[in-house]
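The two complexes that follow have subunit A in common; it is paired with subunit B in the first and with subunit C in the second.
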Partner chain A sequence: MHHRTSLNTRKQEFRFKRLRQLLFTTKGLGILLLAPAVIFILITVVYPMAYSFFISFFDWNLVYSSPTYIGVTNYIKIYQDVVFWNSLRTSLVFTFSSVFLELLIGLAMALLLNRKIHGVGMLRTIFAMPFVITPVVVALMWKWLYNPDYGLIPWVLDGLGMANSDLLGNPKTALGAVIGVEVWQTTGFMFVLLLAGLQSIPNELYEASYVDGASSLQSFRFVTLPLLKPVLLTSLLLRTIDAIKGLDKFYILTGGGPGTSTEVLPLLILENAFRYFNVGYGAALSYILTSVILLVSFIYIRTLRAIK
Partner chain B sequence: MGGKQQMTKVHLYFQYASIGGLIFIFVFPILWSLVTSFKTIRDAMAIPPVLLFKPTLNNYIVLFTKSQFLDYLLNSIIISASTTIISTFIGTLAAYSLARLPFKGINIVALGILIVRMIPMVSLAVPIYIWAYNLGLLDTHLVLILTYTTFNLPFVVWIMWGYIKQLPAELEDAAQVDGCTRLGALFKIVLPMAAPGAAAASIFCAIFSWNEFLYALVLTSTNARTMPVAAASFITLVGVQWDMVFAAVIVIAAPIVIFTLALQRYFVSGLTMGAVKG
Partner chain C sequence: MYSSTRTLITLIILVSVVSGITGMVEAEKDYVGVTLNFLNCSGPSDDLLQKQIEAFEKETGATVILENVPYGQMFGKLVLGLRSGSYDVFAADYQWIPQFAKSDSLLPLDQYLNDPAIASPELDLGDFSKVVLDSLTINGVTYGLPWYANVNLGVVRKSLLRDSGLSWPDDWDGFLTVAKKMTRDTDGDGKVDIYGATVAGGRHSHLATEFRQYIWSFGSDFLDADYKPLFNNDKAVAALQYMIDLIHKYKVASPASVNYNYEDGLLAFVQGNVASTWAWPTTVATVSDPTKSSVSDDFQVVARPGVPLLSPWGFAVAKKSKYPEAAYKLVEWLASKESLREWAQRGYPVGRMSVLSDPVLLKDDPIMSVYKKSISRARYMPPLPHWEELRSNLIRHLSNAIIGKISAEEAIKRSAEAAEELADKY
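And now, the complex of A and B:
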């Protein structure tokens, strides 16, 4: 009798030990808590990306044909396609112009507002407000402002003597007009981040450089900029990635036109995959886009590491 | 001495003027849209623009009667709320694991999060569309909730990871010494302390989902359509239905603006948490 009891007890102990291991040890708990997120990402990101890669080697029109294996033909077609290169160029021009302007204006604003303590919170919210509004809504707001017949901007530009004030309808100015909208919306983001970065620089450094006889320009170059670099590059990275991905504004404001002057790569992918339903070609295009983003990000991160 | 004072005064005026100018540039388009939404179409299209006019709710009435905008509004609310709750919960648990229970592959996880953020949504749209089509999930709330959670999760994990890391671990250790399990300590001590960070993360999830356009456009048609897609549909081949656009703009933007003004503190701290500490 004594023997049986101890056997049962040992079995129970073993079962509880396993459960205990899962819930209460560091390793078990760590995995358990992390699991839902990881599984989710695996299913909804990794698998579709792999599937997309797979599709890109097929000629497949969802409406007309069933998938036919064609190897790298899609990629070759892209390489030879003028429309693609044009859209890549447009995307890059858009991205780097917007980000550059956002950086310049955002930094100027941050420097300007680094001193005043009274009311900065409210100002910060005001300047960050455009950033949280739906991009489609922002685009619609500006579509009305830019409207050639009834909008404020052409009215003002006409009054200033401008010849062709329909900015969105002119292939030469359309991209610039969209860049303007993008900069309006996202400069606040840069501003908030840069201001936080500036405010984290201790005052003593400025005082020390002043004692050493540095001018304000010199203290900017040798104190502000180096200490701001991490925040700067992180903000630039985030903004660049988002700008390359962007298509909402283009969809609303210009639809890629006039002509192809605002046909950015994400929009091209949307059209190929969901208007013409050439999903194989679309998948190949989106892999090119992803590669471009990864390349740009890689360069940014490399630069960031080099400073640290 | 007098010259230097002059310089400082000019300096100050310039500062104030700049700030004033900036406020105008940032605020005007929003205010203009608000004002325009209460104008009749005739007043709205008047050139030169009228500042004094008879306000009317006509645009809003047309919006809610001539289109299913109320349904779209409800869809947006349901989808945003659901994905926010799910993402914040799963993401915070995962962030706790990364912050407090480190293991060898942790840097890979960090890299993974960053890479997911880099993937353009357009790239995932095609396979997800085919997938949803095969599963019969097109035009359902569920497909958008799941898809948005995919993009919200890395963000939540990123924010909460940094936030939990800087919470003092002594409180948890003290609780465990008192006999609490790690899991218990998580729920009783860490989660309440992490609430502000979670609030900031939730705000961003909600805003992202509310504003999302591409997936809503591609994956829904009438049943689960959200407001941004509806608003975009007012641009037709024959012209733009401006009266509905004016009202839709305000209906979509107003909750966000009010929300942000009310929760300024969390919002700004969330922005900086994601970038500066990341």
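And now, the complex of A and C:
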């Protein structure tokens, strides 16, 4: 009896010692401190994503049916759906047009304002400001600006002699009008990141290049761009992912119209998952969108890494 | 000290007696301790609903938590809320009734309606508008009590109609003539300043509402009892073409109509940019409000030409309500003659015939006669379980026709194909 008690006590002591080692070493403490965040991410991100992928193989209308397993039928339907391809095309056109314009304008502004001139601080703040406005407020504001009955933009365009100044009501100009709003709001984000990138490039490199006889353009090409590559990649990636997922401006400005001229993929997902409550089909659509984002990100990274 | 002790004891006894009496009075109220959650579609008269709910609370001791949300959010909230038991009572667009009945989310009310111990003696089921009550009944089971029968109406500028020299028409040919006369260039710059008509041609649920009214007016029908399309014909094509021509051929509707919903049309009307538009009775209040409308003293409410859409609303009870009897009594209270009379005084075409026919109300409010005329010509579409999905498909094709991307024939054909596919699926 005494021997058994002594053995149990030794076992307990051993366990406590192991626990103390686990908790109070650097590694153990790190795991302990990370655990709440990891659990939170598992519950709020990993589990919903896994469940969403799971239900994409089911036919399930949340209003009045139980889930029925249908394999890859949802994905086949998507492949055969003309509406899906149209919306994907619209999303991609919107994304690449707006990101390209943001990059161009953002880089130009960053280069212009990367100098010590009077009032440059205020100018930087003004250019960055649209980005901090809530996207829904921006969309509502521009909806009023574009309004054909009392908006400022049609009034100006009418004054310039434009035939059809209702940009949002014309299927040929509606997408461009939304791109304009997106560029207005998010160029500030590009500008801030690129400016920070420019300011981290040591001045000595430019001085050395000038000493070697490089022109401004050569300096930009061989000094600025290579050193700006990491920031460029980050900015492009973040903005592209954001733009492909873009929903709020389309929802408020056009609702996907006129016709289907601004019907983007996120709107289609919203309709299927949250209006018809066909959650299986909606989940499948959202995984297609995720795949597109991953593919685009992969292409960006490979391309930019290949650029020397 | 003796005096202050006596005073204290007297005070304690007094407080106890008053509390006891209050408690007894409270105990007589039927639903003390009951809390009901009520989801409503927000509108300009939410204050009246709140007032009626407070009266119910005072009468019964129940607590009612009212949540007002825009129409666009209602269905989504109900899908999740009825499943989770978050709501006890809700304002029901009749189109939702079959969908929620199919998912067994609604409480059948017949058990209370037919129970004299529970139903109020003043209920008077026969006084309800039959078409509205029928719209809330599925396979003989009553799921809601009528609130009002939303019927699509017109608002027109009195001065412009008078200047046209014409009277308001009852058919669409007459409407085109009036619209042409009311369309004008007021400053002589060659551009139209006031359009005679509006078309809710944007990618919005209102486009489907417009479509149904036009095809009925042109002699076509929408769906049969099996939800199969009945509009794949020349009459429906002519109806859709008429809508398109108002904008592009006759130019009596603003080109901006390709993006309009009813709210946009109403906004253009109150700003004086269009001579007529379509509205629901609940939104007419905006036109008459001088703080919101520049034409508040220059408009009249008119019956929509042809066949207007009737869109009934009622009050329904969730199956998962913890207090079904109390929830039913709230519904009964809100659908009572007294409550609906107050709505009628606010301009709502309520679902009780005695209120609609009240000579005092008719005399005080000339709009009531427009309601009666409209309701007599109106049709409503029997609710179908997959309406949200069908409507989205219709809007996609109709909108493409409105902007000229496809022809009216092609739009009707594609819409009919979508309707056929969904009818087979559901």
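Quick note on the criterion: the second predicted complex is superposed on the first by the 275 of 308 C-alpha atoms of A that agree within 3 Å, B and C clash if a C-alpha of one lies under 4 Å from a C-alpha of the other, contacts with A are read in each partner's own complex, and residues count from 1 in each chain.
As a convention for this text, a residue touches a chain if its C-beta (ideal position, glycine included) is under 8 Å from a C-beta of that chain, and two chains touch if they have at least 3 such contacts.
Model, not experiment: these values are computed from the prediction.
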(request) Report for A:Thr260: first if it touches subunit B alone, second if subunit C alone, otherwise both or neither. (result) second
(request) Have a look at where A:Asn278 lands relative to subunit B and subunit C in the superposition and call it first, second, both or neither. (result) second
(message) So in the superposed three-chain picture, is A:Thr125 touching just subunit B, just subunit C, both, or none of them (first/second/both/neither)?
(response) first
(request) Once the structures are superposed on A, label A:Tyr150 by its partner contacts, choosing first (subunit B), second (subunit C), both or neither. (result) both
(message) Shared contact residues on subunit A, subunit B side and subunit C side combined as an intersection?
(response) 62, 149-150, 274
(request) In the complex, go through subunit A and note every residue touching subunit B. (result) 23-24, 26-27, 29-34, 36-38, 40-41, 44-45, 47-49, 51-52, 55, 62, 109, 112-113, 121, 123-130, 132-138, 140-145, 149-150, 152, 155, 184, 188-189, 192-193, 196-197, 200, 231, 234-235, 238, 241, 244-245, 247-248, 251-252, 266, 269-270, 273-274, 279, 282-283, 286-287, 289-290, 293-294, 297
(request) Could you pull out which subunit C residues touch subunit A in their complex? (result) 75-76, 79, 83, 99-100, 102-103, 202-204, 254-259, 267-268, 271, 273, 385-386, 388-389, 392, 396, 399-400, 402-403, 405
(request) Note which residues of subunit B are touching subunit A in the complex, please. (result) 15, 18-19, 22-23, 25-27, 29-30, 32-33, 36, 44-49, 90-91, 93-94, 96-98, 101, 103, 109, 112, 114-131, 146-147, 149-150, 153-154, 157, 181-183, 186, 207, 210-211, 213-214, 218, 227-228, 231-232, 235, 240, 242, 245-246, 248-249, 252-253, 256-257, 260-261, 264, 267-268, 271-272, 275-276, 278
(request) Show which residues of subunit A lie in contact with subunit C when the two form their complex. (result) 62-64, 83, 147-150, 164, 166, 168-169, 171, 254-261, 263, 271, 274-278
